[in-house]
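Quick one: the structure is below, and I'll ask about it shortly.
The chains carry the letters A, B, C, D and E, assigned in the order they are written, with residues numbered from 1 in each.
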Amino acid sequence: MLDLTDRRSVVIAFDHGTEGAVRGGEDVPRMLDAIARSQADGVLLTTGLARRFPGEAGTTPAPAVLAGLDVPVFGTGIGTGAKLVTTRQLWSPADAAAAGAVMCKMLLPLGLEDADAWADAIARIGRAGAEAARASLPFMVEPAFWGPAAQQSDKAILDAARLSVELGADVLKVPGPRDPETLAALVAWSPVPVLILGGTPRDGADFLGQVVAWMAAGASGVVVGRNVWNRPQPTAAIDALVRAVRHGDLDGARESMAAAGEPLPSAALRYDQEEEQG
Amino acid sequence: MLDLTDRRSVVIAFDHGTEGAVRGGEDVPRMLDAIARSQADGVLLTTGLARRFPGEAGTTPAPAVLAGLDVPVFGTGIGTGAKLVTTRQLWSPADAAAAGAVMCKMLLPLGLEDADAWADAIARIGRAGAEAARASLPFMVEPAFWGPAAQQSDKAILDAARLSVELGADVLKVPGPRDPETLAALVAWSPVPVLILGGTPRDGADFLGQVVAWMAAGASGVVVGRNVWNRPQPTAAIDALVRAVRHGDLDGARESMAAAGEPLPSAALRYDQEEEQG
Amino acid sequence: MLDLTDRRSVVIAFDHGTEGAVRGGEDVPRMLDAIARSQADGVLLTTGLARRFPGEAGTTPAPAVLAGLDVPVFGTGIGTGAKLVTTRQLWSPADAAAAGAVMCKMLLPLGLEDADAWADAIARIGRAGAEAARASLPFMVEPAFWGPAAQQSDKAILDAARLSVELGADVLKVPGPRDPETLAALVAWSPVPVLILGGTPRDGADFLGQVVAWMAAGASGVVVGRNVWNRPQPTAAIDALVRAVRHGDLDGARESMAAAGEPLPSAALRYDQEEEQG
Amino acid sequence: MLDLTDRRSVVIAFDHGTEGAVRGGEDVPRMLDAIARSQADGVLLTTGLARRFPGEAGTTPAPAVLAGLDVPVFGTGIGTGAKLVTTRQLWSPADAAAAGAVMCKMLLPLGLEDADAWADAIARIGRAGAEAARASLPFMVEPAFWGPAAQQSDKAILDAARLSVELGADVLKVPGPRDPETLAALVAWSPVPVLILGGTPRDGADFLGQVVAWMAAGASGVVVGRNVWNRPQPTAAIDALVRAVRHGDLDGARESMAAAGEPLPSAALRYDQEEEQG
Amino acid sequence: MLDLTDRRSVVIAFDHGTEGAVRGGEDVPRMLDAIARSQADGVLLTTGLARRFPGEAGTTPAPAVLAGLDVPVFGTGIGTGAKLVTTRQLWSPADAAAAGAVMCKMLLPLGLEDADAWADAIARIGRAGAEAARASLPFMVEPAFWGPAAQQSDKAILDAARLSVELGADVLKVPGPRDPETLAALVAWSPVPVLILGGTPRDGADFLGQVVAWMAAGASGVVVGRNVWNRPQPTAAIDALVRAVRHGDLDGARESMAAAGEPLPSAALRYDQEEEQG
């Protein structure tokens, strides 16, 4: 079960299918089953896919479902590398609850070029947050520095987190700041738990080092996608994260991650490019 | 009855009337009656026309109705060959159910030029999927490579299918990939049944060969329109499909298709042109 | 009473007031009273005006009310002869029923220049049709070749009628095709009754000749506006139509129409100009 | 009490506050109190202000409240003299009823430059009229020749009145036509009562002469704003109108209007400029 | 408790987080706690943040919550100094009540460049006011001279206040006019209480002098943000305001404000720049 107040959490993000058949994420039944049988605390899916999560799959409680309510829209195609144009909300918190979710999530899209698209995105977040509160469903907001004008920086992460709180976020999912002091300040200043997102697939040992540093700075957990399922053995990668985040066992974590293998070669997603600029 | 889990299905698509009085599809009562008396498993109609389907017409159960909720919009006229501009949702899943449908369907329009039109189309699919789930009505999504910027390919079909699943599709209706391996992979990776659409009217024997190959690769059935009613004897064409798909009887199927006759000369529809580019 | 299955019907269209104080249509109480006391089967009014129809006015049952749900928008003024820009739906089928209507109607505006306006018009028709079905109110669709790009032809009438059926029309109101064969084919192919609209005011005897030809080709009746109330004696014109349509009495009809007088000189409406191009 | 069927009515319009602190209309409590204690039949306020009308203030029944549902939008500021761009509906008939109104009102904005703004305005009027009917609240429509392309004329007033009736008006509020015959025809042709608006502040005796002529031509009353509260003694001006309209006492009316004083110097409002063009 | 009829009120505005992590406003828990333990009558928060206000924190009743329903949108980023483009309403009065608020608030954005954005803002205020009335929640309107074309002046404040009343405001929050006579006239003419906003952080003694002058002119209280929390000791600043506003103790107030310290150096917000032009 996901419990952000009691312990640090590992959430697996498997919601990149809006970018198409991304390498490692094509085989939906296999990946859902692997997550269901893992020790992860939660799994982040679009609300559309959440109904297909298998629920109790083994002898342990299955990870809780966190459901994304919106999708980013990159140009007019699927996985084409076009710029972020807007986001759209497809589902309501009530839809998420009906699909079995214990939390719902929306994007705060930074760096859009159109002011009305930005204004609409803000408005949707505020409304969805109020609706989630009525449905007693915790509401996560994720500042996404994916727009063509986005300039990710530690200051920008703080600003976006502050706005997210103002808009009604119950939980934050943010990129890891470069300076550990920034993350510590964010955790101190935020009235709600802060989770760090995994980002671009990269060297396993380095990545785990970052994860442990985020935990040391006070983060409540991680939300990791391609650093799990873009590796040959996703189950081992989840195991590595559980060891690092929940048990602080960096050595054991590195061992599991080595077993998971290095990221499969695949096309960078649009948001990786933005991340590199950050 | 339509039962996608139990057996391979033949669905007749008679929803091209949004393109006007298309050759072979002008005489609505005659064609609806022919389908109603056939061995087809289902008939795909717009929700607006679904109420006119005659229901039990003979001694056998009538085909189940699948209702389209949206229409493609080509320019500002009817059947003019203008480019795909957008789609519009006209009906809700509840409207489809009220019209007697057992499944509803929407288009995922690939290759649009306007990003907001694309974003809105995605949003409508997600919302309709959630509404269909609330109404316990299975929801089919059809990637349609009809936009001026569409580039149909096996990879693009996989991407579109993956996105459709993410958006909440319970059933997929896709163009047949060129490579049988692609279709096999799609069927393996998809958590929901995959139906293949018939496309442009063409030589009967060739078409049936493709149908059998699709079945061999694991497809759950076909959705065929003009390859049925654009022939002089639509009833025989349906019979051919039933033999090929449900009984694997290619010889019998070819015999029936020969009786159905070759496609009537008629203006190519806009989406045929796209298909040829694919 | 209006009964499209039992007998051929005469409907008087008095819904041109959206074009302003059109010659012959200025005096609302006088015209509503004349229709109410006539033998017409129905009267077509905007839903806004429908509440003012006097109901039982004489010893015979009053004509049934058919309520228009939408209005055409020509430029930014009233009766200025500007081009058709869009349509707007002002009322719901429930509003029509509340105003006493037994049927509701919407325009299918052909020849618009803006694809979104066209798409929206299609979507509104589909939705209104479904809502009318829920309210058990028959739904009439009228293809209107009034847009700047409209090209009225027999083929275009067939295409528009076919699309209207697809969108959920229960009754069609179409311009009379030039070729009687076309009308016969339309009646045969249409799963719903076909009414023919009267159009531009013209010579009474010629007009009645056309009416009788439409009936001979299988039309279910006529919907006539200015050919009634744009004449000095509208009551006599209605009588002429009743004789021609319901009783097939062309001689008697011509006598009554002669008593009605020839059309008053008045400015042509925008849609007459389109009609002439047709 | 307002009773348009029984007697000619005097309605005071105090809804110009959307143009800001207009001379004579700044002091809201003083003016509302003066109207409440007067013999006027009604007071026209925005729905937003209607809740503040004091109700029974003296020994006589207070004027009935007529609530405006919409506001004109002139450019992007307040009282700047910018051109009319659009109107917006802010309140529903139910809101008006909740604020104590016995009638609600909307503008029909003539002379807009944008066809969609015009189309939307028409649509809102139709919908509000239907909603008012459901709430059993009479619905007044006011053709407003305030747009940059407006050309006020007697013919244009007739056209606008005819359209307003078509859209569902229960009462008309129109500018006084120049030719008394036109007003007489309008009253004869209209199935609903016709009130005349006061317009630009002007010489008291001349204004009262016009008022009496309007009554002679059959108008059901007047709706007067700045010709009341733009004078030093608004109470006396109301008294003058009551004498002229309700009692036909032109001499007594002129005496009271003299006591009211001539209009205070103030900036002309945007719609005065339009009026002068008319 | 907030009681605008009984005594002059001090409201602390802590709703600038939509501009990001503004200096002094980053540490949300610390500031909310300080306000909760203060003698302020009220605290103004976005509805999204209102749920996090700690309620009864000490031995005295906590300040009442006033909830903002909308946010200003400056360009496409957070705290970038871009021009005001529009506003968006994120929450309903019912959302505000559910978050524990006793009053709700919206912006009237002056000086926008786009007429539709201005029209929409007006419409939202009217609708929200009616909804607040239905929810029995007092509704505050704040004219905000933040648009690129805004020209703040005493006359403009009067105009904006008059429009706000027309739109349904129950309480006004306005910038302090330069001329005390203007404020006295506004208070006399307004049918609802008038609160003055604090504005740009500035010298403590000067600021308190202005506050006392506003009270002398009849204002019902102040709404102060950065002049409180942009100082090193916000608690002392609140104490200063309570002394000045509620007890008229200017000497004591200045003593407390000296203890609060002068404003921390920080980037001017976009609306400060506008204020300076005023």
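As a convention for this text, a residue touches a chain if its C-beta (ideal position, glycine included) is under 8 Å from a C-beta of that chain, and two chains touch if they have at least 3 such contacts.
As the structure is a prediction and not an experimental result, all values here were calculated from the model.
Engineer: Could you label the subunit A-subunit B interface same or different, taking same to mean over half of its residue numbers are used by both chains?
Structural biologist: The interface is built from different residue numbers on each side, given that under half of them are used by both copies.
Engineer: Between subunit C and subunit E, what distance separates the C-alpha centroids? Give it in angstrom.
Structural biologist: 58
Engineer: Centroid from C-alpha atoms only, then distance subunit B to subunit C, rounded to Å. What do you get?
Structural biologist: The mean C-alpha positions of subunit B and subunit C differ by 36 Å.
Engineer: Among all residues of subunit E, which ones touch two or more of the remaining chains?
Structural biologist: None at all.
Engineer: So that subunit B leads and subunit C is second, what is the order of every chain round the ring?
Structural biologist: Cyclic order starting at subunit B, direction subunit C: B, C, D, E, A.
Engineer: Within the complex, which stretch of subunit B touches subunit A?
Structural biologist: 110-120, 122-123, 125-127, 129-130, 133-134, 147, 149, 155-156, 158-163, 165-169, 185, 188-191
Engineer: Note which residues of subunit D are touching subunit E in the complex, please.
Structural biologist: 15, 17-18, 20-22, 25-29, 32, 46-49, 51-52, 71, 73, 75-79, 85-86, 88-92, 95, 98-99
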